[in-house]
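Across the two complexes that follow, chain A remains constant while its partner is chain B and subsequently chain C.
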Partner chain A sequence: MKRIVTVLETETGSLIEAELDAEVTVDDLLATQREWRPYAIKAATALARQGSMELIPQHLHWDWTSKASQLDLLANSFIGLRVGASLQGIMKLQLVGDFCRARLPEQKGQSLIYLDYLESAPWNLKPLMDALGQQTRFNGIGSRLVRHAVEISLEEGFGGRLGLHSLPLTEMFYRDVCGMTPVGRDPSKQNLLWCEFTKEQANNFLAGARS
Partner chain B sequence: MKTLSDQEWLRQQAALENNCYVSVGGLVTAVEELQSKRVGSNVLKSAFGQLIRLFRRDHRMTPEEFAQDLDIELGELIAMEAADQLRPSARTIHKLSEKMKVPSGKLFVLSGLAEARDSHIQDESLKFAARSQPLQALTPDEHQILNEWVKYLCEK
Partner chain C sequence: MAGEKRTMTLNLTDPEMRAVEDLCAKKDVSKTTLLRQALRLYQLVEARTEQGEKFFFEDADKKKAELMFL
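The block that comes next holds the complex of A and B.
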């Protein structure tokens, strides 16, 4: 399944056509990581030289090429956001599983979509590109992917409910930019912060309503 | 509630998202993987240090003599034998490879300068590091050196 959306090009401020592709293959994923990783390492090195170790996200260590044996299991459920042939972001959703139950008291136990993985290309992350003295290529990749996850939640009858485990460096994005509720630390997942969208919050996010 | 058009929505979100990191997921596995790599890397380094020490002793050389023979810094040799986190230089690995007649690629992996392509070398390194720990009693010289070192450490 493919869907046409837009992303914002930083240099021109123009909206550029992009494609949400639910058929990301193993080869796509490996090629993407080979392309992304040198950027990420370069940016991490620059941040370390500038003494900004706290700004180096742990995901920079993530190397898909070393996890090739797991890709068969993972590949089917990946969704990529492409501009032309180049992937600008990837995410993976779970519709069933241990984490697909809401935890907020007002919707506890109800089904939700679990955002298992989301990553933007390093050249779209401003803190990294600032370290390299360069401009990002596209803005809003994370929001575009989260929006698509919410839309799938609506299509699947989950009312827009969405859950995820956020790392400290990404809490601001999911809490303040997306408007999700930080529910609490999850000891079963390295004490990461469990964040959740209610139906209402998901609708507010889609509408662009700011509280 | 006013609903923004998709374009308005994207521009608003992009401005808000601008300074944020957005990644989730794989991160957790990456952290776990890093931790397991760290454990694995310690095993390899320990085997690397033990390999050098035993080779040196087998050739009846003191650390000073061995460092001189290899034309490397004594401190670097001591760090390698002690499985220190300090990484040896590529030049040192090549010198060791020539001296010990061991493929440099394997030494690069053991020293932490290169990643192992499979877990086999890690398993074998673990066995080697465990089995090569001496069990025999210290020689009188070793006993004296140990006592002097402990005595020095106990001095105020």
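The block that comes next holds the complex of A and C.
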């Protein structure tokens, strides 16, 4: 299933038509390795030379091709965000599994969608592009994907509930930009911060994203 | 994921229906969502078991109990 949305092109300030695609293929996963990784490593090298190691995204080692065998399972959903033929972001959702259980006291044990992985193309990440002395191509790719994860949670009957483990550099994004509740560190998952949307928070996030 | 949906009729015994309703209340989901969850989980376990993996529950003392699937 594909859905037409808009994303903000940085250079022109214009809204550009994009496509949310739930039919991600092995070719898409290969494209992240072939097109994204060399670009990301080049930018990370520039950041390191500038002495800004702390700004290097912690997901640069991710290999989406290792998840190819999970593409056909109903338990997962892979969503790509494209402009034209070019993949600008990708995420993997779990619709059932260990982490699809809410932890906040007011919804403890209730079903939620787990945002397992989310990545924007390196040319859409400001710290990387700043290091290369260039502008990002598109703004808000991560937010648009999170918004779609909430939309799927609503469509699938989870009321917007969403949970995820945040990498340290993205904690502020999920907490302050998205409005998720930081529930606590999870020793079973590299001590990453577990963040969660209640139904109400999810609706607030969608309302804010629309305005 | 979302897409064209088809309808099926499901006949359950009273205890089975009570189990469905209890789980729906606990998980705060509809019967349709609950049964789709069950199918996703079953397919996941079946796929991994077919690959030779084993499915365990672990208790608080870290003791593991292997589950068998038909």
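Following the convention adopted for this analysis, the second predicted complex is superposed on the first by the 194 of 211 C-alpha atoms of A that agree within 3 Å, B and C clash if a C-alpha of one lies under 4 Å from a C-alpha of the other, contacts with A are read in each partner's own complex, and residues count from 1 in each chain.
The criterion applied here is as follows: a contact is a pair of C-beta atoms (placed from the backbone, for glycine too) under 8 Å apart; a residue touches a chain by one contact, two chains touch by 3 or more.
Just so it is clear, the structure is predicted and the values come from calculations on it, not from any experiment.
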Partner touching more residues of chain A, whether chain B or chain C: B
Partner chain in contact with A:L81 - chain B first, chain C second, else both or neither: neither
First (chain B), second (chain C), both or neither touched by A:A18: neither
Partner chain in contact with A:Y117 - chain B first, chain C second, else both or neither: first
Partner chain in contact with A:V96 - chain B first, chain C second, else both or neither: second
First, second, both or neither for A:E156, with chain B first and chain C second: second
Contacts of A:L104 with chain B and chain C, given as first, second, both or neither: neither
Residues of chain B defined as touching chain A within the complex: 1-4, 6-34, 115
List of chain C residues in touch with chain A within their complex: 1-3, 26-30, 32-33, 36-37, 39-41, 43-44, 47
Chain B contact footprint on chain A (complex, rising order): 5-8, 15, 57-59, 61-64, 66-67, 91-92, 115-120, 125-127, 139-145, 147, 164-167, 169-170, 172-174, 176-177, 189-190, 192, 204, 206-209
Chain C contact footprint on chain A (complex, rising order): 1, 22, 73-75, 77, 95-97, 107, 109-111, 152, 155-159
